[in-house]
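Take this structure first; my questions come after.
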Amino acid sequence: MAKHEYAFYPGCSSQKGASASNYLTSVESMCKTLDVKLTEIPDWNCCGASIGYAEAGELPRHVMNARNFALSEKHMPGQEIVATCAACWLGARETRERLTHSDTLMADTREALKEAGLTINEMPNIRHMVEVLIEDLGFDEMKKHVVRPLEGVKIAGYVGCQTNRPFGVDGESFENPQYLDKMVEMVGAEPIPEYEQKVTCCGGALAFSEPEKAQAQIKDIVESAYDHGAEMIVTPCPLCQANVEIYQGQINKTYGTKFNIPVMYYSQLMVVAYGGSAKDAALNGQVIKARRLEEIAAKPVKR
Amino acid sequence: MTDIVATNETILVVGGGISGMTAALEAAETGKNVVLVEKNPALGGRTSQLYRYFPKLCHPTCGLEINQRRLKNNPRIRVLTLAEVTGLEGGIGNYTASIKIKPRYVNENCTGCGDCERAVETEVPDPFNYNLGVHKAAYLPNAMAYPQRFVLDPAIIGTADADRAKAACKYGAIDLDMKEETIQVKAGAVIWATGWQPYDAAKIQPYGYGRFKNVITSVEFERLADIHGPTGGKILRPSDGKEAKNIAFIQCAGSRDENHLRHCSRICCMASLKQTHYVREKYPEDGKSTIYYIDIRAIDRFEDFYQKVQADASVSFIKSKVAKVTEDEHGNPVCHGVDTEGYKRYTTPHDLVVLAVGMEPSVKGINIPGHIVADSSGFIEADPSNGAVFGAGCATNALDVNRAVQSATAAALRAIQVVNKVAKAEA
Amino acid sequence: MADIKVAAYICKGCGLGERLDADALVKIAQKDGKVPMAKSHDFLCNADGVAMIKNDIANEGVTHIMIGACSRRAKTEAFFFPENAVARANLREGVIWIRPDTDEARETTQEMAEDYIRMGCAEVKAMTAPTGNTVTGSSKTLLVVGGGVTGMTTAIEASKTGYPVVLVEKTGALGGWAAKLYKRVPVHEPYKSPADTGVGELVSQVLGDSNIKVYLNATVAKTDGAPGRFIVDIATESGATHTEDIGAIVQASGFSLYDMNKLPELGGGKSANVVDQAGLEALAVAAAADDGVIRRPSDNQPVKSVVFVQCAGQRDPSGTHLAYCSGYCCNTSIKQAMYFKDANPSVDTTIIYTDLRTPGNGEDFYRSAQEKGVIFTKGKVAEVVPGGNTSTVKFHDLILDDQDAAMLDVDLVVLATGQVPNSGINIDAPAATEEEGAVEIKPISILNLTYRQGKDVPQLKQGFTDSHFICFPYETRRTGIYTAGPVRRPMDIAQAREDATGAALKSIQALENAELGRAAHPRSGDLSFPKVRLEGCTQCKRCTVECPFGAIDEDEKRFPVFNESRCRRCGTCMGACPVRVISFENYSVNTVGAQIKAVDIPDEFSEKPRILILACENDAYPALDMAGMGRNEYSAFVRIIPIRCLGSVNTIWITDALNAGYDGVMLMGCKSGDEYQCHFVKGSELGRVRMSKIDDTLKTLNLESERVRDLEVAITDIERVPEMINKYAAELVAVGPSPFKGF
Amino acid sequence: MSANTALAEKYRNNFLKEIEEQVEMGDWVKMCMQCGVCSGSCPTNFQSAWEHPPQELFMMIRAGKREEVLTSSSMWNCTSCYNCIVRCPRKLPITHIMHGIAEYAHRIGLAPKMQATRFFSGLFWKNCTHTGRVNELKLSMGLYFKDGFASGIKEGMKMKDVAIGLVLAKRLNPFELFGGHKCKDQKGIQAMLKKAYEIERSRKAAKMAG
């Protein structure tokens, strides 16, 4: 019996061979260490993301998320749903808010769900993995398992948008959230609290449709990380991670910069600090390799 | 003041700012006995911390001098400082208030000579200057302080500094054994004039108050301009003491905002317009003010003051709620936003950003003894169920000084109406 | 007055004992001051010292007390002897705290202290303890002029306090403007919808109150007398005149709406479908009486679209229309827009504004209007063009920056014109007109005062009868007469009711004080009052013309008639009097003159000039005190005398001083002019006018004009004042010693 | 609509009403007080060629500028960063309003035809609802080839390095092109969505009718 159990909503980007597959790998090994049991919601579907709006309309968007709620309720009644992807978490959480505040919307949703042979009786709590770590486990608990502190590594905590606004992590500010810095500290690395681009938008889906717009924003985010002497950037959001990491090459072409900074997930840092291997931390999943972490991961664990 | 034994004909006034003083004086000059309770060591309240008033640009201390003279000549008023009302029992015509009095450690023998101040070494933050500066732990609250009597900061009690102060005083004015006491006062009616506090600017995250040294509040700016202030009346910015000549005023910092204060605080527009005068006064050559606003609320006859400022080339107006403030490498606060009159973007560095912070009633959150009806912003509403407890001044609404004094004068009459009935009843 | 016994007390506390030769000061008091009983005390303000003084009063028959210690502003609780004449020689803030503690300085510092002792003794001997004016009245009745919300509220509140009221209303019914309203802006949570005016209830309260006597269709034909003893003639329609004894007066004569016919460019007067806010209220009242649908005046069709034009003829810097904002119009237009939306949400209601002004919880009212679908457009209306049954509203959309924005086929246009005060006759009109612009003043008197200075209460900016004081909003320049409501400042019903309640208190206070012969603000409680030796009077009328409060009339022989209860004790009359026949018991040409003469003037070779400073007690003197508290040094050659007001300075003091060999005179008074800070309103201004003529006097004495210096000093000039003094002292050295020394 | 009637509609509430009925969260538009904090908070604001910020769009809606608003590309530039929402002093759900206006413009065919984000948005939704899960490869390919084969190759080549990087990092699987991830109960999902669209259409129609 694990200490903490949740229904798990990995989301499309975390699937095998998808853009955030490395995120999932590292989360799984992180959870093993922390004795957190995640049970994937059977046959879960896409949240529609915020970018789906043109075709989605209101009800269909919510219905998509509602289906996941229904499945979770059916297979894991009473369990909270945990998402690792910021967009999944936000999409699901928005649906939750709307359905709880509009009876019509709720009724319509139930009617549509019927077509898939499903229904919702009670609204599940939707949590982001970061919330679970901070609120359910706490920094002390997380710190306990650090056996290989990432000493001397300077890391810029890039929070981005969707884990921060409009809901955000409880008790954090929209303009200057601290939790990533605390996590960096927790794994024995060096945070950069004055990193002022920590909540700047990475351009989101515009990175695909209007790259030049998004890349202008990504440039600021990376540049400021360099200015503060960061060796790597850490983030809780798959889209942030991808956007900030994979376009550095193109940005260099456009702006003549020499960007080449690894962009990690908090979970990857934790796995390494918890004594996990480069493979457990899915460091091979980096487009820009995190050499420094690889070295540390190769070191024997201090006991 | 001669000690009066409070009777039911007495009016209890809570708060010794301009509203409380006015209510107390107007009642006393109409022949009523008054007990005036102030939580600070001196009367005067928030207006005494202002450098100038709008629209005449005259000095609040001028009116304070007159009110203090009225007070000195009027034996009907008993003033209690360092005192707070902690309980209120009874009802119309017959209240009993419990008043907690903090020790001053200085008795009526004090001549105000200042020997104790020179003797002590400890320095503590000076609340009169919004803690922008420090003063000795034995201090006169301010140059206009009434009572004109020194105070020892509790921090030094039991230390050698306290003994130094006691030793320095030739008049036996220092009493280190003073203890906090609670007294009972009977009153027929109560006037609640506890005023307002500036909204906590740190809660307005995008403006970086607390994160950036050169983002300050409008009330703090008053102290910078005042000769009694931490800079002796020079407008210098906190980060590096550099002369602040290019100043941004951000209106509605907390007000008219459902994330903060839902109401409009009424005074902030005029206050900022007034403060542009300070900038010009101190830097006539190259002072520059920029006011970022949603609506300029220079209400009724204040309009001509607004028109004068508009005519001034050194002041520019931008119709925009600033989106956020950042800091550049020189420590200059930078305002980011959009001028909504025809969509013009700006990213403008300034020497100093002044947040025109909103008015929060001091009664808000504080549990007024007994049940008092307040509106959605926490201001006291006139309501029969308040009995003979009457709000006055900024405890009742966001008011400028003029309106606060009106409100206090009206409150005094309401209280007198009650005690007159009591008097008749007793006669 | 019984024979006087003077005692001088010199304190040695606060370093006075160390810095000064106290025994020498005692001797000075006895020798030069001619005070039989002079004592020093180590700590005069403590229980023991005060007991000593009290004992001398009780057992030694001491009537006059000279205290040589700290400033008259300090230790007032300890030195509180209301029964006696008291003078304070300021040895602490005025001497040792502004002088360096050095051997070189010791001599001049001691001289300074000795002079102040001489001056204190001289002053106190010239004083008598004030006993209060005896020409009092005892009427406790309040006259309220105006039967609108303000007037009715004043009447009700005064009556509730136990005072009878006479209410005069010029029309045939109570209620004023408010009675014409359909609804009012809400004043309680929730601030969401228009509320009932409550006027009906007020009216029945007034009519049902036996303590309130109401005259309808009546005006004030004549107001004579003074607080406590006004005699008021009330003329009624029937032609009958009723005379009432009145203690104090509240003028609540309200406002008139700015005439929209002056706004043809906005369609004012050009179409029945362009109305002002009063016009819209009338339509709403009519609708309410009918089917609730507000209709277009031109053809009685239901209004489907209405536009509200804010600031119509207001906030006009050009001077053509009103320069000010009336404050209430934004909320009123919001309220009126709700009339339409609450009845029929599909009516297009647009409010075109430049700055929306809804202070306090008005913000909720604004939000509520938006929820109801009222559209707010930030723009400046250029023109309203009526045509047939609809109008075109042309405006500059300030957000979309569209110069040629327009709304076509608008059924109804409402112009938010402002409030013009009904202030009666502007008694200073000639002076005011060019500066005040085109603000029209109705030339009918409201009060018909018999005062020598004019029939009505003096007006301030833009014709309002406000006090223009920030700390003291009620102080008019006619004692015992208070203005309230929109006549004082543009305001809405809620503010008017608050204002009325305050005015009721002030007038009650005034009539109570009048009975006790005490002064009203700012010298509240002062028992001294001007006494005149008519036998010496030359009927020059300066006092009657100059009195800032119109307290002095003239009898048929052109002699001044003092109405003490109207007097504020500023002493302007005393300063104005060329023959010096006006004085107060504790403040007179003598009390100051004696001090000037008491100063010991060293000869021209001593290089010890003497400078007389006459300092306003409210601003300059506290500034000098605080300079001392801050240990800001200034010249030891100055001798400072506090005065009630620059207006009370009699030129004889200057000439006496110069004749006595003073090298210079500094006058320190408050700011005068438009933004005056003088608490007697005109005092400092009148004083300055008087002093501007001093040059002639100087010429006759063939003295340099530098010998007299008139300075504006604010209470915050704590560092500036010492600088001014030292600078002036240096200048005088250049000018050289006065030729009058040693005569 | 004739030019005259168009002019007559200006500053009338007709278009505002249309937005309130047809646009998700559209009934919030009237609550804007034109402070401009949203405009200044939008990351897009500080890039060139952004036509209309939210607050300006809201004013244009009140001013009845129907064509200008619905054909504008501005709404499509929203990055869903939610800065405007958390800062708005009137608590308008601005992000959702922008999406809503875009969706409406798209629904009635006024949205700019080749606006890339509009295209991508539709593509994304089709992609993820088709099998119930997103197929990232097809998604990107679909985007590049939106303007036909030739430019598709061009666009694709631009992104070549990015793609290769991802493939090497095992974060982009070429075989996704054939099959890839999907939900089991696709039938159920399709039926569910069909129903949802039906309901939504009928609700909007009802609103129109008033």
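The letters A, B, C and D name the chains in turn, as written, and every chain counts its residues from 1.
Simple rule for what comes next: a contact is a pair of C-beta atoms (placed from the backbone, for glycine too) under 8 Å apart; a residue touches a chain by one contact, two chains touch by 3 or more.
Keep in mind that what you see is a predicted model, and the values were worked out from it rather than measured.
Q: Which neighbours do chain A and chain D have in common?
A: B
Q: Tally the contacting C-beta pairs at the C-D interface and at the A-B interface, and name the larger one.
A: If we tally the C-beta pairs in contact for C-D and A-B, the bigger total goes to C-D.
Q: In terms of CA centres, which chain lies closest to the overall middle?
A: B
Q: With chain centres defined as mean CA positions, report which chain is farthest from chain B.
A: D
Q: I'd like the Å distance between the centres of chain C and chain D, where a centre is the mean of that chain's Cα atoms.
A: 63
Q: Rounded to the nearest whole Å, what is the centre-to-centre distance of chain A and chain B, using the mean of the C-alpha atoms as each centre?
A: Chain centres of chain A and chain B, defined by C-alpha means, are spaced 47 Å apart.
Q: Between chain B and chain C, what's the gap in Å when you average each chain's C-alpha atoms?
A: Those two chain centres are 23 Å apart.
Q: Return the distance between the CA-based centres of chain A and chain C, expressed in whole Å.
A: 67
Q: Where does chain C touch two or more other chains at once, residue-wise?
A: Answer for chain C, listing residues that touch two or more other chains: 356, 378, 399-400.
Q: At least two partner chains per residue is the criterion; list those residues in chain A.
A: In chain A, residues 174 touch at least two other chains, as defined above.
Q: Quick check on chain D: which residues sit in contact with 2+ other chains?
A: Each of 33-34, 55-56, 83, 86, 90 in chain D touches at least two other chains.
Q: Which chain pairs here would you call touching?
A: The complete list of chain pairs in contact reads A-B, A-D, B-C, B-D, C-D.
Q: Help me check something: in the complex, which residues belonging to chain A touch chain B?
A: Chain A residues touching chain B: 173-176, 196.
Q: Which bits of chain D are touching chain B when the two form their complex?
A: By the definition above, chain D touches chain B via 33-37, 39-41, 45-46, 52-53, 55-56, 83, 86-87, 89-91.
Q: Which of the residues in chain C come into contact with chain B in the complex?
A: That would be residues 13-15, 43, 45-46, 70, 73-77, 80, 157, 160-162, 188-190, 315, 317, 323-327, 355-364, 378, 398-401, 461-462, 464, 466, 468-474, 489-491, 495, 498-499, 501-502, 504-506, 508-509, 512-513, 522, 524-525, 618-619, 622, 626, 629-630, 670-671, 675, 677, 679, 714-716, 718-719 of chain C.
Q: For the complex, give me every residue of chain B touching chain D.
A: Residues 206, 252, 256-260, 294, 319-324, 336-340, 343, 345, 347 of chain B touch chain D in their complex.
Q: Which of the residues in chain B come into contact with chain C in the complex?
A: Its residues touching chain C are 1, 18, 25-26, 29-31, 51, 53, 56-67, 69-70, 72-75, 108-109, 111-114, 140, 143-144, 148, 170-171, 226-227, 256, 262-266, 295-304, 307, 319, 340-343, 375-377, 379, 381, 397-398, 401-403, 405-407, 409-410, 412-414, 416-417, 420, 424.
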